[in-house]
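Below, chain A partners chain B and then partners chain C, in two separate complexes.
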Partner chain A sequence: MKYIRIDKAQWAQGLAAAEKAYRLFGPVREGAMLNFAALAPGQAPDLDGLNTRMSARSVVYPQSEILFEYTVDPNDPDGNVLKEAPAPAKPAAAVGIRPCDAYSFLLVRRNFDAPDVKDVYWLRNYEATTFIGLACDHPGSTCFCTSAGCGPYSEQGLDVLLQDAGDAYLAKILTDKGAAFLAAAGWFTEAPADSEGCFSAGKEAAEAKITSTVETDRLAEIPQMALYDANFWEDIAFSCINCGTCTYLCPTCWCFDIQDEVRGKHGIRERNWDSCMFPLFTLHGSGHNPRGQKVQRVRQRFMHKLKYYVDKYGDGIQCVGCGRCIQYCPVNIDIRKVCQLMNRFGQDAACKVA
Partner chain B sequence: MIAYTDKIRDIARRLLKDCRVETVIGFRNGSMPMMNEPCFIKNVDDVDHLIWDGNCGINLANYLTNRTDKIAVVAKGCDSRNIVTHIIENKIKREQLVIIGVPCKGMLDKRRIKAMAPGEVTRVVEDGESVRVCGAGFEKTYPRKDMLQANCAVCIHRNPVIYDELVADPVPEQQNVDRYEDVRAIEAMSAEEKWTYFENLLAPCIRCYACRNACPLCYCPTCFVDESTPQWVGKSQNPVDVRTFHFLRAYHCAGRCTDCGSCERACPMGINMRVFTKKLEKEAFEQWGWEAGLSLDQRPPLDTYRPDDPQDFMK
Partner chain C sequence: MQPNPYLPYPVRIDEITVETEDKNLKTFKFTFLNPGDEEKFAYHPGQFAELSIAGKGEIPIGIASSPTEKGFVKFTVNKVGVVSTALHNMKVGDVMGIRGPLGNWYPWERLEGKNVVIIGGGFAFTTLRSSIIYMLANRQRFGQIHVIYGARTPGMLLYRDELAAWEARDDIHMHITVDGTNDPNWKYNVGFVPTITDQKAPEADADTYAIICGPPIMIKFTQPVLDARGYGHDNIIMSLENRMKCGIGMCSHCNVGQFFVCKDGPVFTLAQLNGMPKEY
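And now, the complex of A and B:
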């Protein structure tokens, strides 16, 4: 494995060079919050905060994305032709993405890159993105990544992993894509020989700081219908206001809605994020809504992440442990508690969340 | 606050034991600092889950809409005003309710407290007139009155206006409060300044609708933004659609909003969309001397006509 040392004095200069070949995304301060967004020319990613309010999902999968456009104007040479929305000219790089967010794309890929169905838009954006991760040396109180398939130094889904080494970043090159980005930035300085040791020591120290966990060991073996009919859903769902906070902030939520918008003779088809928490999400044309009740929608969100996904793919839960839904749910519905209730189904005599 | 909690539990226990209600709606301890979770209690053995402190900012009137059972509900000043509004608007019947009134001392502004802290806040302790904010390697104490939600700082109806039980003696109402300083500041802006101000205000909105859904007034079976036949509003992040949602929602709350602050509190992006509803609250006050939810005997100004209604707006 190759390690590069990036002096922080060369950081801005390197990013300026990389900007010529890449569209850069990263954590940016917007008022009181840190968000993951496109960097303005010359803007440095803000790497001091922990995770961003919105995940890095939108780099690959924007909240609103135009799929194609058309005009029915007979005088337009392109009249009555569906034109695919132009792909961005340059590839993208997500600089300072946290390991949990990078890992989330591997989970989401199962949906957009299935053996039988390929989502060309998602795949095009994903393949055009290089993921330059930053290891989390100071995980937060709601980070439970280590029990959700990744961790503060997880390399899954990353092309480069950076470690903050004071006056420099140590960069562990994980893929050719990662090497190409570092080359575009002009960062070539070989790191000191003990870099591998720095990473493993950093990993151990960071993992030791994770205080939050989820229990998932029994989820696969409990029968689906038994969990579906469990007696705790009403209690869990009561406070939920069915907003889109948990699903929109979550890096692993993938549901969308397709809309046509027309103005005069010109029209677009776009796709927008959608949420299983919204009643409209499942409303049929007939007027029937198979998930018309709040409790059904709340159950769906947790059953999908913690049971159906587990059963379908056999590779853990559809959650990377970023903690956003716990931090920002307006009524404090906590996936860790729900996961525990589900995992202990049939074991705990009392199913009390409080 | 401990005294409030004990009293709420006593009342809940008595009401459930005497079968006066089937359900008690209140708050239980949250898993995060400055967060409590709305909950329902049906069983006498569970009443000790109920708690009260400065983190009960979600408006519980929201949980009463169209219920058919007999319910006891814990209500601070603004919740009680929304309960009045709910009763007037036929969303619940007075006879179904036992209102456990809480004289309110204001809710903590979790966003401000987090923003002021030098690191992640892991514990917040209310101690009489002060608030202790703790995290890894820091502990800070602030006067409680400086840490209140913006709407609580200018609240003039802290005591429940309608109740069947009261958990403590009424608290003194705040006097000489300037409720509309923020609205006047925006009114004083030029058209361009206003445009920029609103554009910036709503730029972070992700249309999660937490503001709408946390609001007890927003009970329409299908919100206009969710209508699909015909579809009134686009669903993308187009700023025109985002603004349409906010402006129209605010108008739908005109003369009904109690400035409980649930909407702002719920927003994951920290947007103060309250400025819209507050402007309309100010209008209702200045035009008709109206404050929402103070009386069961008066119709709200926008669903009634009085011959002496002001008509200066007709030009």
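And now, the complex of A and C:
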């Protein structure tokens, strides 16, 4: 494995060089919050925060994305015929993405990259993105990535993993795509021979700081309908205000809506993130609503992430342990507790949400 | 390069038929603008498609024509929301799009050589029309065919000319019914679909399958009738609806448990549905 040392003094200069070939994304400060967004020309990613409030999802899967363009002019020979929106000209690079967010794309990919049908937009954007991760040496109190399939030094879904080494970043090159990005940035300085040791020591120290966990070992074996009919959903949903914050912050939520917009004669068909927390999400034209009640929607969110996904793909939960939904839930609903209730279904005589 | 599954085929409206007395249901006959698209749109009875109107959006609608009918595709649309209302306001010659075919279909291979009882209500008769046309065009491949179809009034029945033509045949048993009528010349049944099903559905056996498509209330009361008459839950085939956007299992609007109505359905056996949440 090849390691590169990037002197922080060369950081801005390297990014400026990379910017010629890539659209750069990274953590940026927007008021009090850190968002994962496109970097303005010459803007440095803010790598001092623990994690961005919004996940890095939008790099591959923008909150609004134009699918088609058209004219509604009836006199135009192509009137009302949809044309595919052009792809971005340059590839993208997510600089300073945290390992949990990078891993989330692998979970989401199962949905968009089905064996028989491909979401060409998601795949196009994903393939065109290089993921430059930043290891988490100071994980937060709501981080539970180590029990959710990844970790503070997880390399899954990354092309480069950076470690903050004080006056420099140590870069572990994981893929050819990663090497190409470092080359475009002009970062070629070989790292000291003990870099591998720095990474393994950092990994051990960071993982030890994560004391928060989810229990998932029994989720697969409990019958789906038994969990669906469990007696704890009313308790869990009681305080929920259906604001949808959890679903918008979550790196693994993928639901979307499709809408047409027309201005003058020019129209677009775009897709926008949507949320299963909203009653409109499932409302039929007839007025019938299969998930018209709040408790049904709260159950849907947790069952999807912690049971339906588990059963459908047989490879763990649809959650990377980033902790955003816990941190920003206005009524303190905690996926770790819900997961525990589900995982212990049938074992605890009286399941109560503490 | 991967085909774009969100891109509709451009089509032209060739014919518009007002189906019902309330004028809320119209059948649209489309022809494909580009040669070759009709072949790409090869479908099976029971599938649906997204009807796409630039500037308005898309709606998932069951395909009412049969693959044995060539040169066009047909959809019968109830006027409900933004897109269906825009569609009802369109005229012959207008250009729009259709995207599909989408979803699974009635299990025609399993139904080969079997007796089929079609049970439909209201405007959910569209993919059932497709199925009847298809079975009649391949008549020797099926056993007895029964059709129990009900609407609120005689004027609310879809495809009335075809119903009359099928009524005249001796290789298909039609049981048309209305909830009520004051037409003294009405010569068919009067009564709700579950009642008529109880009276007219053939005896249950391993070789007899029921295909049900209708409003939730009809399904709710028809299912116990079939249960009581001994129809096995593997032999009861239902077509579901849910709010949909993408139609290809991506957007997650229509999920029922781990399944998508748009992609894993819309056709499920009752045995399958028994193990799934009732979120449809």
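Just so it is clear, the second predicted complex is superposed on the first by the 346 of 354 C-alpha atoms of A that agree within 3 Å, B and C clash if a C-alpha of one lies under 4 Å from a C-alpha of the other, contacts with A are read in each partner's own complex, and residues count from 1 in each chain.
What we mean here is this: a contact is a pair of C-beta atoms (placed from the backbone, for glycine too) under 8 Å apart; a residue touches a chain by one contact, two chains touch by 3 or more.
Since this is a predicted model, take the numbers as computed values, not measurements.
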### Message
What does the overlay on chain A give for chain B and chain C, a clash or a fit?
### Response
fit
### Query
Between chain B (first) and chain C (second), which, if any, makes contact with A:Ile333: first, second, both or neither?
first
### Query
Is A:Gly267 touching the first partner chain B, the second partner chain C, both, or neither of them?
second
### Message
Looking at A:Asn242, would you say it contacts chain B, chain C, both, or neither? Reply first, second, both or neither.
### Response
first
### Task
Considering only the touch criterion stated at the top, classify A:Gln259 as touching first (chain B), second (chain C), both, or neither.
both
### Task
Scan A:Met54 for contacts with chain B and chain C and give back first, second, both or neither.
first
### Message
Which partner chains sit in contact with A:Val120 here, chain B, chain C, both or neither? Use first/second/both/neither.
### Response
second
### Task
Return first, second, both or neither, reflecting whether A:Lys294 touches chain B, chain C, both chains, or no partner chain.
neither
#### Entry: Centroid geometry (CA): angle chain B/chain A/chain C, rounded to a multiple of 10 degrees
90
### Message
Let me test your reading of the model: by the given contact rule, A:Glu30 touches which partner, first (chain B), second (chain C), both or neither?
### Response
first
### Query
In the superposed arrangement, does A:Arg5 touch chain B (first), chain C (second), both or neither?
neither
### Query
Upon superposition of the two complexes, what minimum C-alpha distance (Å) separates chain B from chain C?
5
### Task
Find the residues of chain A that appear in the contact set with chain B and again in the contact set with chain C.
257, 259, 283
### Message
Show me the residue ranges of chain C that touch chain A in the complex, using the header's touch definition.
### Response
2-8, 10, 33, 52-58, 78, 80-81, 84, 94-97, 215-216, 241-243, 245-246, 248-253, 255-258, 263, 275-280
### Message
Considering only the defined contacts, which chain A positions touch chain B in the complex?
### Response
30-33, 35, 50, 53-54, 63-64, 140-142, 235, 238-239, 241-245, 248-249, 257, 259, 261, 270, 272, 275, 278-280, 283, 326-328, 330-334, 336-337, 352, 354
### Task
Mind listing the chain A positions that touch chain C in their complex?
67-68, 70, 72, 79-82, 84, 111-112, 114, 117-121, 123, 224-225, 228, 254-260, 262, 267, 269, 271, 274, 276, 281-286, 288, 290-291, 296, 300, 303-304, 307-309, 311-312
### Summary
Per the touch rule, the chain B residues reaching chain A in their complex are 28-32, 35-40, 46, 49, 58, 62-63, 111, 115, 120, 122, 203-204, 206-210, 213-214, 226, 228, 234-238, 265-270
